[in-house]
Structure formats: structure tokens, C-alpha cells
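Shown below is the structure under consideration.
Chain nomenclature is as follows: A, B, C, D, E, F and G, assigned in order of appearance, with residue numbering initiated at 1 for each chain independently.
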Amino acid sequence: MMQTKRPFEVLSRNIGKNVKVRLKGAQVFTGTFLGYDPHWNISLDGAEQCRNHRRVAFGKLILRGNNVLYVSELDKD
Amino acid sequence: MMQTKRPFEVLSRNIGKNVKVRLKGAQVFTGTFLGYDPHWNISLDGAEQCRNHRRVAFGKLILRGNNVLYVSELDKD
Amino acid sequence: MMQTKRPFEVLSRNIGKNVKVRLKGAQVFTGTFLGYDPHWNISLDGAEQCRNHRRVAFGKLILRGNNVLYVSELDKD
Amino acid sequence: MMQTKRPFEVLSRNIGKNVKVRLKGAQVFTGTFLGYDPHWNISLDGAEQCRNHRRVAFGKLILRGNNVLYVSELDKD
Amino acid sequence: MMQTKRPFEVLSRNIGKNVKVRLKGAQVFTGTFLGYDPHWNISLDGAEQCRNHRRVAFGKLILRGNNVLYVSELDKD
Amino acid sequence: MMQTKRPFEVLSRNIGKNVKVRLKGAQVFTGTFLGYDPHWNISLDGAEQCRNHRRVAFGKLILRGNNVLYVSELDKD
Amino acid sequence: MMQTKRPFEVLSRNIGKNVKVRLKGAQVFTGTFLGYDPHWNISLDGAEQCRNHRRVAFGKLILRGNNVLYVSELDKD
């Protein structure tokens, strides 16, 4: 039987890894996943946004959780 | 008499099975249902999104519950 | 004098019956009403959606309450 | 001096009477006001919606409070 | 030094007076202010809405607070 | 080292002064800042709105906090 | 192993530094970061908004957290 893996359990395994964060307004950010909290607030290091086919660098970025659509892994296990 | 089957009771029976998750913004994701929490946050494995008739692979994906419209079973009992 | 019938009291009488559920985004689902919870999360069996004059079958469907506009009875008493 | 009449106090006096309920999306429903709860969930009997100058009959209808804009009396005292 | 006058304190002084209530969707209602609650639910008597340069009469009207943009006094002190 | 000045601490220093309040829907109100509460509900005296290059006077105005985008000082220290 | 750095921990390190705050409606503000609270309410000093390629000065500005999309550092460590 398959074991349940709760969303935040899966999320927490990506700490220190490269992730992709997509916001409701379709903006996509990538960066090293520094941390999160139960409201889906997310901190990234070396954050970059792909905007009109250009990459914009942000350094450290703190995203408000309310706008997050999903987080996906970029470094496959 | 028919028995009540609460939404999360029905949802939990799909753990480990293939499901379809539709978001408010009409995006549709399929994948193996890893888990959920009371906020409808959802973790999928082998997640794929159908976008402009192409399938985009995500690996492990964590969806923020706030945006979920529905979950439906892909493996019929 | 007329007696008050609270919304969830009226809703619960439809368990096991055919209902119509309309979402905010105008999608309409029909199916056997399996259950609900206080957040208006709704589980349907034999769910169908009418989309562009075609009926799409879902089997078991779990709708997130946040998006529900109304529930109406299809089997009149 | 005028006495305060709290919104739900005014609302509750319409139980058993004909009311008009307007939703955010501009839909208007009329019917016999069966009940409500503190979330503005509303149950109507003999509900009808005026849509494109046609009246659509619903029988018993349970509206999710989140979408309600206002309730007004149709039977003036 | 000026004294703080909290929003609900200012609001409550308008009970029994004519007020203007504007909703998010730009609808404007006037009427005698019957009461309110902490959720900004508002009850008006002799309510009127100005719609396409016509005045529509509602009698008693209960507005859901969630949609309110502001309340202003029509009877200046 | 710089000292933290929490948002409501900064806000409260404007009581009795002229402020500008911008709402989500881009409406801008100015007036004497009478008070606020933790929900960002705001009361203004001598409130004016700039609409289509005309100034509309409101007298006392109570704004629902949910719609506020920001408050800025008009009287610089 | 990488250490978790929770979003508000990263945010708080920017107190007294120049930050960029982007709101949902795409408005961007820069200024000295005075403080924040758990609702993402943010106070800036010397705030400026870039609007139609002009810089508009605000002095002290209090932003309602609900509208914030992200905060990023302008002074890289």
C-alpha cells in the first residue's frame, strides 16, 4: 500500500534545492529554496524571473504565499 | 438508505491512484496522488500538465489548495 | 407561522439524490450527492459536466467548496 | 431617537416571505426565504432565476453566502 | 491634540440618518441607516439604487459587508 | 543600527494629519485622518475624492479596510 | 546540509535597507524598509513609485499586506 505524503512534507524535502515557483498571475521564479511557512510564504536565494524571454535576477526574494500556485522540483531525485 | 460520504473521505480513497486536479485558472494536472491536507494543498508524483496540446512533466509537484477547483479519479474502481 | 429551514438542513436532505452544482466560473455539474462539509466541499458520484453541449463523465468528483455558487435539487419531492 | 436594527435582525424578519437575492455575478434569484446562517448561506423554496428575460425554476435552492450581494424584501410590510 | 475616532465609532453616529453606501462593483445605495455589524453588513430602510440614471426603490435592504467600499454621510452635521 | 517601525506605528502617527488613501480599484481619497482599526478600516474627515479631474466632497467617510492599497502622508514632518 | 531560512527571517534582515516591493496590481515601490508585521503590512521611508517612467515620491508610505506580491533586496549583501 502506498504511503501518504502530505504536501508540506514533500515541500520541505526541497529545502536547499532548486525549485520553480509559479504565481497566480503566471509569473515564474526559480532559485534555491531557502524556506517556507504554513501560509506558503517562500524565500528564495539567487532568485530569477523569466520575463519576456529575459532572465531578471533578484538575489534574495521573499514571495507572499497568498499568490503561489505551485512549487515544483528542478533537481530530480 | 444511502450513506453520507464526506468530501475528504472520498478524496482520501484516491491516495496512490491517478487523479486529475483542475485549478481555478483552468490548468489541469494529472499524476499519482501523494497526499493532501485540510486546505486542499495537494502533492502529486509524476505530475504532468496538459498545456496547448503538449504534456509538460513536473516530477513532484505541490499545488496550493486555494486554487483547486476539483479532484477527480482517473482509475475507476 | 413558517419554520426556519437553515441552508445546510435543506442541503443535507439531498444526500443520495441527484443534484445540480453550479460553480462561480459558470461550470455546472450533476450527479448523486454523496456528501458535503461546512466549507461547502461536495462529493458527487456519477458526476457529469455539461461543457459545450457535450456531457463529460467524471465518476467520483470532489469539488472544493470555495468555488460553489449554489446547489439545487434535480429530484423534486 | 431611532433604534439600531442590525442586518441579521432585519434579514430574519423576512423568513417565510418572498425575497430577492442578488449575487456578485449579477444573477438575481427570487423565492420564499427558508433560512440563512451567519455566513449568508441562504435557502429558498420555489426559487426562480431571471435569465435572459426567461424565468428558470429551481425548486429548493441553497445559495453559498460568499457570493451574495444583498437581500431585499419583495413583500412590503 | 486631535482625538482618534475609530471607523466604527464614526459609522455608528450615522444610525437613523441618510447615508450613501458604495459597493465594490460601483453600485451606490442610499437610504436610512438602520444598523451594521462588525462584518460591515448593513441594513437600510427606504433604500434606493441609482442605476442608469433611474432610481430603483428596494424598501428594506440588507447588504453583505464583504462588498462594501465605503459609507458616507448624506446629512452633514 | 536602524530601529524597526511597524506599519501601524507609522500609520498612527498620521492621526489628525492630512493623508492620501488609495484603494485597490485605483480610487484616491484625501482628508484628515480620524482613525483606523486593525482591519485597515479608515475614517476621514473633510474627505475628497479626485474623480475625472473633479474633486468630490464627502464630509465624513468610512472606508472598508479590505479595499485599501496604501496610506501615505500629505503633511511631511 | 543547508539550513532553512524562513521567509520572515529573510525579510527581517532587510530592515533599514533599500527594498523593492511589488504589489499584485504590478505597482512597484522602492524605499527604506522601516518594518512589517505578520500580515505583510509594510512601512517604507523615502518611498518612491515608478509610474509611466516617472518617479513619484511618497515620503512615508504604509502598504496593506494583502496586496503584496513580493519583497526583494536592492542592497546586495
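Worth a mention:
One rule holds for everything that comes next: a residue touches a chain if its C-beta (ideal position, glycine included) is under 8 Å from a C-beta of that chain, and two chains touch if they have at least 3 such contacts.
Since this is a predicted model, take the numbers as computed values, not measurements.
With centres defined as mean CA coordinates, subunit D is found 43 Å away from subunit A.
The mean-CA centres of subunit A and subunit G are about 19 angstrom from one another, to the nearest whole unit.
For subunit G, residues touching at least two other chains, in rising order: 65-66. In terms of which chains touch, the assembly is arranged as a closed ring, every chain touching its two neighbours and no others. One closed ring of touching chains is present, and its order from subunit C going to subunit D first is C, D, E, F, G, A, B.
Remark: subunit D residues 15-16, 23, 25, 27, 32, 34-37, 41-43, 47, 58-67 touch subunit C in the complex. Residues 1-2, 4-11, 24, 40, 65-66, 68-73, 76 of subunit E are the ones that touch subunit F when the two sit in their complex.
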